[in-house]
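Have a look at this one before I ask anything.
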Amino acid sequence: MAAPDKVTDLTSAVATHVRDGMTVALEGFGHLIPFAAGHEIIRQGRRDLTFCRMTPDLLADQMIAAGCVSKLVASFFASGSAGSLREVRRRVESADPAPLEVEEYSHYGMVCRYQAGAAGLPFFPLRSYAGSDLPKLNPLIRKVSDPYGGPDIYVVPPLRPDVTILHAQRADRSGNVQMWGIVGAQQEAAYAAETVIVTVEEIVEEDVVRSDPNRTVLPAHAVTAVIECPGGAHPSYTQGHYDRDNAFYREWTPISRDREAVLDWLEEWVHRVPDRAAYLDKLGAERWAGLGVAPRPSQPVDFGRRVAQEAS
Amino acid sequence: MSTTFSDVAPSSTEFLAAVAARQLVGKRRVFAGVGLPTLAVDLARRTVNPDVELVYESGICGAQPEGLAEGIADSVLVSGAAAVLSMPALFGYVLQRGHVDVGFLGAAQIDRWGSLNTSFIGDWDRPTVRLPGAGGAAEIMPNAGECIVVLRRHDPGALPAELDFCTSPSPVRAHQEDPRMVPPGHGVSTVITPMTVLRRPEKLGELEISEVHPGLTVDDVRAATGWEIAVADDVRETARPTVEEVRLLREEIDTVRLYLR
Amino acid sequence: MAAPDKVTDLTSAVATHVRDGMTVALEGFGHLIPFAAGHEIIRQGRRDLTFCRMTPDLLADQMIAAGCVSKLVASFFASGSAGSLREVRRRVESADPAPLEVEEYSHYGMVCRYQAGAAGLPFFPLRSYAGSDLPKLNPLIRKVSDPYGGPDIYVVPPLRPDVTILHAQRADRSGNVQMWGIVGAQQEAAYAAETVIVTVEEIVEEDVVRSDPNRTVLPAHAVTAVIECPGGAHPSYTQGHYDRDNAFYREWTPISRDREAVLDWLEEWVHRVPDRAAYLDKLGAERWAGLGVAPRPSQPVDFGRRVAQEAS
Amino acid sequence: MSTTFSDVAPSSTEFLAAVAARQLVGKRRVFAGVGLPTLAVDLARRTVNPDVELVYESGICGAQPEGLAEGIADSVLVSGAAAVLSMPALFGYVLQRGHVDVGFLGAAQIDRWGSLNTSFIGDWDRPTVRLPGAGGAAEIMPNAGECIVVLRRHDPGALPAELDFCTSPSPVRAHQEDPRMVPPGHGVSTVITPMTVLRRPEKLGELEISEVHPGLTVDDVRAATGWEIAVADDVRETARPTVEEVRLLREEIDTVRLYLR
């Protein structure tokens, strides 16, 4: 049985699947953030995107500054050690240089939206928001009554991105994707989408994936395109491959304060860089080596192989 | 090679499995239970559709079994599979989200609209026969692109005017409850019995006689059906399994005669 | 940090946590079926249990025949190659020797009940049941209206067992449980319960579990008691440890037809057998060896270890 | 050993972390964010509660980090952890199901009922400051057994009579919306500021001054609070951190001075 080969390059994947005005989710909760894909979207000059991401951080600041985004759907507008996102703040606080529409939830609210989208449900209930101003701010947060006589409960609507883009450790050529470490709500964000693009640290042989089927977070049927893109999550990290570039996050804070500095940075690190390989070259071997991790392998588990049994 | 046809009886598992396999031309993903559907999908892979993928309700995707599976949760389906998902993910994200093209179902009773009874024969409270119940069929029927039903019997008891109980409803019944609740799936598209192949071209329509097995007539099928069954404009004789199809089933797929009796 | 030791023996675990009249879930979808625990419940003569199990099979037939169960909550009443469950059928079809209350759902309906129970939700929506007689048969299957203007959708109520009992490949002494192969809805069934008992093929060192945290299906906080019980899933199987005893399932069919034969079987294989070790002795080394599987290890993945980074 | 007290300033991270750590006596499971809460939990483990377990919203349970974590998604928290759960499981099964005893929260504003604002300062549509928003706080507040809030400022702006926006509501506000929607959790039980420790003994009650930091008076705290704040019957002086607690924080927990400035 020859499964279709879904391996392509990032330029073609973005050119083919990401179009102006689309709703695009780039997920990864502090881990496996698809920066390389985000930069490719900036490079190709996409406009008017509705950008979905639970924790818009540097990547959101960059894509918004680049003018790709007209609306943000999110639940936390800051970036741990990098502090607040000045580009986001400029637009929200003073429409500078342009206003930014924001549709706001809590973390679990976003997770539930992805779950509803992934499961084809009209809504998903959660025990948050009673007494909160969030439903007043966001009329899409609504209530349903409990047919079993309990109190009303708040629900959120499904989130169904046109495209969801993720980064993972590995996949086979047919698109079976495996990830480990923090997996966030990536499985839900992918199943919720019409099209799913996944960049991976490495394309592996089918038997690597099939040696551990429980490790597969996205089966091939849920994946549209797979791209081998080592270092694709920098400055965030990939468990077992490279660590988070904390210095980079700290360096962003002063850049983010000044819009011109942000644009200069984008010119230097995105527009003048053809792809992720060139970006890593520019970053330099020494800095990259400084993000390396020592091996800490999982202990294998046994899936077993049938020994012929009497079919008595 | 010139195709030579086998003379296996239309009631045989070989015949039913071969006919079922041919329904899978061009289908990507099949949700199947154990037994005859497994044989049909395996045969389809070796004949009309090498790329057809099987998804099991146990959560297994992309299985490459080294032996014939005995049950949908057999360890041979897991070893070497592309993925094993949790049941919330399998039923919610794969099936309910619409990733399954074809569902294979069996039933004790089917009605003219393709609604199925797998729960009770007789009265609900004190049934004469307690059948296995819904299982995943109540999810497969509304959410799979279409469903193929294989029946081992064809008589007015198995194809009655009225079901004793509706476990897995046709879109027609969903429409009767609430036109807005009609599910995404077509419902039953094809029924394969020891006598005939029935098809249901319209999502809200009735089953009709499309093919009649060798040696039988439309009237035979009518007489064995519990309602005034419709007849397609162009009824054909069901093509017999080829000698090669039967050989594959017996000598390569079910070598231990687990399902072929 | 010294986590509490949750390792105990099956006799004490059942004696302590499973009481007459309780709602008890024993889950495992064709794989990891907790037969040893079920037999211990039979041995201790529990009565009037509400027995929750998506696919009541041999285990249900045995526990019901033993008189432990007054009500069954399930979604499929048969057992693959073993055919229909005659003890269940006798009671439902002719109240012989006593009636059995049945609360019936579809598979996904049961999964959704566990999800609602696990997440503390008042109900869980699913796109099944429109036009079905199941909601007439089971009035707990109800409808809610979509606050976003779509059609009504059916919901099921949470299932909250007093005790959920599972079998798994391994756990550490503090109760972090890891399983692989078919995992069904076990995580949900466990989180839905007040008390969780897990039998495992082996108790392993903490660092075995911690070498692969993504493999942990139940963190210690969700587990009450852990029992080392090799072979605890026979005649079902444990991926990578031993295969399903298909002959045993076939042998059950004729036994199940005759209530006396069932009672004789229970006397011989449950009541006269003190524990699972004795049961395996009785089964015999040869038969057990026949269920063995050849090794098929997963390829390890790397979780990485931090190499000191400048906190510049 | 005889306990000797440190003279670190009540506004220092060391002071706040030490006071926070003492709140964890007898607690099993803490849901914490990065920064001061991490220091407090780590200190508690080394002092008053060796068994306290930390759960991160990133899905990590039973972390045993080999280094100080920079962020709740730091790879050092994953390597060697007991479990990494998906976010649906973490928020749904762990938090919403009630497995978390204590949630640590920060806020830009807190009101007398312990409702929090982490969203906007000023007008919602055109805020003077766009704050980070809800994150997981809107889930932690209703579902954790109780919440401990640490504030870096204590003035009428941070403790106003009226919040500019209520992101994470007290059970009092839930009760105002619908008495039947009062969540299982107590809401905010304790607020630690550079001036005082406030407590809220009643689930539907107000915060009251319980401890006042060394060198300050109840009137100082009152004057710095935006509402007529209640005073407990027995107000104590906040116990200073011990020299040992400060040493642990500086020399064993945050050796790189990531959070201790």
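General observations
All chains are identified by letter, namely A, B, C and D, in their written order; residue positions are counted from 1 within each chain.
Going forward, contacts are C-beta pairs under 8 Å (C-beta built on N, C-alpha and C of every residue); 3 or more make two chains touch, one makes a residue touch a chain.
Every value quoted in this text rests on a predicted model; they were computed, and no experiment measured them.
Interface comparison, A-B versus B-C: the pair with the greater number of contacting C-beta pairs is B-C. Per-chain CA centroids place subunit A at a distance of 39 Å from subunit B.
Subunit B and subunit C, compared by their mean Cα positions, are separated by 29 Å.
In this assembly, the C-alpha centroid of subunit A lies 35 Å from the C-alpha centroid of subunit C.
Subunit B and subunit D have centres, each the mean of its CA atoms, that are 58 Å apart.
Subunit D has residues 60, 70, 75, 78-80, 84, 92, 96, 143 in contact with two or more other chains.
The residues of subunit C that reach two or more other chains are 115, 120-121, 126-127, 150-151, 180-181, 183, 187-188, 211, 214, 239, 243, 246, 293, 296, 303-306, 311, listed in rising order.
Every pair of chains in contact is given here: A-B, A-C, A-D, B-C, C-D.
The touching residues of subunit D, when paired with subunit A in their complex, are 34, 57-60, 70-75, 78-80, 84, 86-88, 91-92, 95-96, 115, 119, 124, 126-139, 142-143, 165-178, 180-183. Partner subunit A is touched in their complex by these residues of subunit C: 120-127, 142-148, 150-151, 153, 155, 157, 169, 178, 180-181, 183, 208, 211-212, 214-215, 239-241, 243, 246-247, 250, 290-307, 309-312. For subunit C in complex with subunit B, the touching residues are 29-31, 55, 74-78, 80-81, 84, 88-89, 92-95, 104-109, 111, 115, 126-134, 137, 150-152, 180-185, 187-188, 237, 239, 243-244, 246, 293, 296. In the complex of the two chains, the subunit D residues touching subunit C come out as 28-29, 45, 50-53, 55, 60-62, 64, 66-67, 70, 75-76, 78-85, 89, 92-94, 96-99, 143, 184, 256-258. Within the complex formed with subunit B, the residues of subunit A that make contact are 1-4, 115, 118-121, 172, 174, 176, 187-188, 191, 206-207, 209-211, 213-214, 216, 218-222, 303-306, 308, 311.
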